[in-house]
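Below are two complexes that have subunit A in common, paired first with subunit B and then with subunit C.
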Partner chain A sequence: MSDLVNVSYLAVGPEILLTLGAVLVLMIDVFRQPSARVHAWIVAATILAATVVTWFQWDRVTGEGPFLAFSDMVVIDEYGVIASFILLLVGALGLAVAWGMVERLGRRGAEGIVLVFMAIAGFQFMAVSANLVMMFMGLEIASISLYVLAGITRERPEADEAALKYFLLGSFASAVFIYGVALAFAGTGGVSVYDIGAFLRGSVLLKPGVLLIGMALLITGLAFKLSAAPFHVWAPDTYQGSPAGIVGFMAAGAKVGAFAGLGRIVITAFPLYEAEWAVGLAILATISIATGTLLAIAQSDIRRLLAYSGVAHAGFILTGLTAGEAGMPAVWFYLAVYTVQLIGAFAVVAAVAGPTAAGSPMSDYEGLSRRSPFLAAVLALFMLAMSGVPLTAGFVGKFGAFAVAWRADFEWLVIVALVASVAGFFFYLRVIVLMYMREPAVAEAPGTMRARLEPVGALRWVLIISTAITLAFGIYPTPLLDLLSTALPF
Partner chain B sequence: MDFPILAVLILLPATAAVIIALLPERRSEVILPVGVALSMLPVGLAGYLFFAFEKGEAGFQFVEKVAWYEPWGISWHLGVDGISLLLVVLTTILVPISLAASTAITDRLRMFVAMVLVLEAGLIGVFLSLDLFLFFVFFEVILIPMYFIIGIWGSERRIYAAVKFFIFTAFGSALMLAGIIAMALMHGDQTGQISFNYIDLLQLSMSSNTELWLFGAFALAFAIKVPLFPLHTWLPDAHVEAPTAGSVLLAGVLLKLGTYGLLRFNLPLFPEASVELVPVLAVVAVIGIIYGAIVAIVQPDLKKLVAYSSVSHLGFIVLGIFALTSQGLQGGVIQMVNHGITTGALFLLVGMIYERRHTKKIADFGGLARVMPVFAGIFLFTSFASIGLPGLNGFIGEFLVLLGSYTTLQPYAIIAAFGVVLAAVYLLWAYERVFTGPVTKPENEKLPDLGFREIAIMVPLIALMLFLGLYPKPALDRIAPSTERVLDRIEQVADFDVPEPGRLDDVFSGEAP
Partner chain C sequence: MTVTVDWYLILAAVLFVIGAAGLLVRRNAIVMFMSIELMLNAVNLTFVSVGRELRDLTGQFAVFFVLVVAAAEVVVGLAIIVSIFRTRATASVDELSEMKG
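Showing the complex of A and B:
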């Protein structure tokens, strides 16, 4: 941790490449309007290049250990690199799902690509920042991109409403976060997570009130982003109103970025207050699990259902984080597989509703197994995985999170979470009931609703990949668990 | 490494399911025959297992162990002993029979056959798992195919029944998962290595309070599965709404997961708590026996009648297990098998008459013995087996259970004996109303008797009823050493002595275990 401006382009390589890709898409778009195929090549090349650089980062940290860069603003450790990998995967799958939307929106579609790139870069910055101000920058880059993405089909009033709600509540959350940064600075004199940690180890705070409030505000700000209750109210409306093609990415990316930031703050900056924040996270988890599960039961739109189930999942992941550093591998596993399931589920939603549509009433899913056996089967799998049925990755994720929390003496929380998991079957099974055990609704205009429905192109591949990941790591999770077992913050 | 026969036994039906799923849906006429043929393979393998099994050996045989995830102490650990052997054989036998009885199913047949085969893989997995994580995985996974079987191919209220079945059983197993995690971590605290291995967890030392809690967590999961009064309400719904194959497998095997779990996990892992809680379990078991039988008497629906008779019969099994005597445990195990055979047969018969008349109401029949003599004969024979007529299989199980529980739980055994009488009432009264007398309804006059396929389905079950009733020695010889070992463990760990006649050497074989 030197005071030099330790420049390392490797440290910010993926973000630079994503930004370059975004600029390239914009510039080409100014001079001539290329076909979607050209865009596809640029997207593929950018994500691939960013992945390769992230791989070099991985090579470096596993070989020589973690390193800091840019006046210790950025830290590259296994924790951050894993987050970058997951975000790139989420971004690639998310863009593939959104491709129908990109094509349909023409010039504005290119803007969609740019915004997704910027969002990935922002979330990656959150994961690798060693400094709370830097983390705030990442948070804002990503959040503003997502606000615009939510309203990208601006001629639809639902999308405008979704974007505005997301923007208002999101800005409020950002303000809360930055106020937390200020209070943490007031309490310790530092904004680097290492400075804060070192200060707290070196001195005894007789009145830690300001610092604890700062810590609570930091957690609250991020809780908004990961849609933990009671800070979740934006999620159902935003998921419902945004274009179908992009919701999966919005939901998944925000969860990964926010959890990466949250984990680093509590583990690296406030290890001495673990007793306090662990209980805080446990309470947050309980409220999220209860609220998400109970409200999901009453939904009549599958996107709202997924939004509330996402609230519950935020709670389950927080359950794993109550164990602190020991819980981090379980948290990563959960995030990696849950985000893939989420994008897969929203890919089905996009296939059923159309890529730019707002709203996906559950009645659209009646008899889906007859209209499209493939879509129904994969959506059933994702529902089962989210509910935590064994032989899917969702079970291993939940199992890991619950096991570490039990070990950290949060037995009551685990029992709450287990009971809620069972209650969760009510709404996950309802989707399966609709798809398999009811006949398709008789359409008013014959041939419209009952037509067979098959996903094509990129969407099909997203479904195949996310199904493969969900099943493979459900049956044999060992390689991924091994990989993640050392993904701890430096 | 030797031939992994147990792993193959689990993977064979799973592979068969994949093959069925790959068949073209257009050729629907070949799907069922191929399914039946493929499901005969596990029967052969299980038959081999039955004869290759060392008789005098109490421990686990054909053990396979491969690490799944070392840091968590999870492994693919399989083994078979006298308690699980017969249940595995029973499972493999019932699957082709229930598939062959499913000719009424035409909608999405491919998915149906695949689901039944997946269910079989899961069921065999439950019985063979020696790792609690693995056990839990199989225990949960079987809910999915059963849920689809009831929910897609069931009768009118199928969705309600499927969801109720799923939520009830999932709730029980959720708390069991907490118990399993707690035990594995306790092993980590005591030895430094987290382990889900059943053999390792037998070595745990825990306070009696902890033991009671863990016993409760496991017992609740199994009691819902059995189902014990008052947790049985999912069972009549699920049985009545399920298609015939679903009912047969549900009654024949799924319910046994509960009693199997009590015997395999609760008694050996928590011996002190088991001894302490014998009165509680005995009371609910006896309530189940009498309540199930009385409710069965008044049922107007044949399928519901058989469903409630299961509640009664399963009560006998639990009573036998918690009698904590040699005869009781052996009787419990053999009765699990018997109930699978006889109740499975009864559900098949009800299914056959339902396919002809599309009703299961007792009042809609009458005098069927004149129209369908073969059917009536088989029904009567099966009813006798279920009641426990000497010479048929039900007698062996119920006699051993009553003998064993008379030693330690005398008052309960006396009450339970009335259950046998009540069984005769509900089954024979139902027989009388359905089969005897003149044909009252014109619709019933032209009903065709059983065809060749239907008789072929029933023959193996009838043969088993006779064989186990006349010569149960091959079965008991394999069961006895393992049940004796459970008692040995309880006597060693839990300051408990089985009263003298309760540890007599095996009454039927006369051989020392």
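Showing the complex of A and C:
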């Protein structure tokens, strides 16, 4: 660790490129008002360039090892680079799903692109920050972008309501998080995760109370963002009210970013308190799994169902995280495949409801197999993958997370999670039954919602790619699992 | 009687709890938003008191970041509240119940 401002553009390259892409989209939009086609080229070029730079980071990290930059604010290691890759994939798929919304919103659509870019950059900063204040900045860059995205169709009352609920509870969570940083600073005199870890190894705290409260607040703040119960109340309303095209990205990006931050904090800064935080995370996981599974059963809107299923999945991923460093490969495998399933499922929702619609009642899905065999089959696959059926990536993810938790002596938690997984079949199967065993509601007029339905353009490719990933890593997960277990733990 | 750093930390904790309680019990979006600002200022007070106690500028620099974030949140938060007020002529969160379940 040096005291110099060790500038490294490689370390923040992806974020710089995403910001430049955002500025470019805004400036061109002001002066030229180009067609959506031009925006599409800029988006593709920006994401591709950011991915290439992330690849250079990976090359350097695997060759010469992790490195710190910018006065040790940023650390580039395998953990951060893997999270960056997943976030870029989530961003690319998410923007492709949102493309219908971008086109329909006209000039405001360009702002949507900018906000997605900023959100990706913010979440990437969370993943690579070595300093808790830096992590707070990343969290806020991403969160504020997501608040605006939730309300981007602001003429619709539901979108306003979704944005306000997300904003109030999200800001509350951010305040809780930064108070946790302040208390960790009060307890150890440092805000860098390495300094906190080193301080705790080097000294015996007679009264660790302030520090433990700080740690609990840090975990609570991030639990809000990843919608773990009992901090999930915003998620169903926000998912239901936001424009259909963007919900997949909002849900998936927030989960990856928050878990990246949470993993870095508990493992690098507080390894000595593993007994305390592992139990805390296990309790959080139990509540999330139980709440998410029970409340998902009663939902009549598929987005609320996916929101509560997301609460349960946050619990399953937390189950893997209770194992600490040993659980990291399982956690990241789960996150990588679950976020893809989530975006795929919301892509179907966007195709059925239309890209800017709020709300997706279950009745829209009755007899979907007649109206669009492709959409119904894909959604059925994602439902099966989320419930953890073998030969889908969801099964491998759940198996890995439960196995590491079992080895970490959280047998009771694994049993709760297994029971909930079985109970979860009920509501996932309900969607499949609706799609395949009901007749479509009678069409009032030709050309209305009940007509045949085919996904077009970018949306179709998102469905194909996410289906391919879900099946490929379900049938042959070994390459990704090997990659993650050699790269992680850090 | 001397005022030690603990006093400031306790004051900040009390302010933070008042802010959190305000967010939970008040029903006007503007007041809820003010409660969040109060929580952020409690954080700032903690940072500067600890920073001064430890003779460490980290506390002061963290406050700048929190201030900037608070300003950005004001911009977005007030815009959302104004947008809601335009469509519904109310800022009470109890009226915002389009979505339930």
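The rule is short, and it goes like this: the second predicted complex is superposed on the first by the 480 of 490 C-alpha atoms of A that agree within 3 Å, B and C clash if a C-alpha of one lies under 4 Å from a C-alpha of the other, contacts with A are read in each partner's own complex, and residues count from 1 in each chain.
Here is the rule we use: a residue touches a chain if its C-beta (ideal position, glycine included) is under 8 Å from a C-beta of that chain, and two chains touch if they have at least 3 such contacts.
Computed from a predicted model, the values in this text were never measured in an experiment.
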item	value
Contacts of A:485 with subunit B and subunit C, given as first, second, both or neither	first
Contacts of A:178 with subunit B and subunit C, given as first, second, both or neither	second
Touched partner set for A:230, first subunit B, second subunit C, both or neither	neither
Partner contacting more residues of subunit A (subunit B vs subunit C)	C
Partner chain in contact with A:477 - subunit B first, subunit C second, else both or neither	first
Partner chain in contact with A:457 - subunit B first, subunit C second, else both or neither	neither
Partner chain(s) touched by A:133 [first = subunit B, second = subunit C, both, neither]	second
Partner chain in contact with A:415 - subunit B first, subunit C second, else both or neither	first
Where subunit A meets both subunit C and subunit B, residue numbers	none
In the complex with subunit A, residue positions of subunit C that touch it	9, 12, 16, 19-20, 23, 29, 32-33, 36, 39-40, 42-43, 46-47, 50-51, 54, 56, 58-59, 61-62, 65-66, 69, 72-73, 76-77, 80-81, 83-84, 87-88, 93, 96, 98-99, 101
Parts of subunit B lying in touch with subunit A, wherever the complex brings them together	68-69, 71-72, 136-138, 140-141, 143-144, 147-148, 151-152, 158-159, 162-163, 166-167, 170-171, 174-175, 177-178, 181-182, 184-185
Complex contact set, residues of subunit A against subunit B	384, 389-391, 395, 399, 402-403, 406-407, 411, 414-415, 418-419, 421-422, 425-426, 429, 432-433, 436-437, 476-478, 481, 485
Subunit A residues touching subunit C - in the complex, by the definition given at the top	133, 136-137, 140, 144, 147-148, 151, 154-155, 157-158, 160-165, 167-168, 171-172, 174-176, 178-179, 181-183, 185-186, 189-191, 210, 236-237, 240-241, 298-301, 304, 359
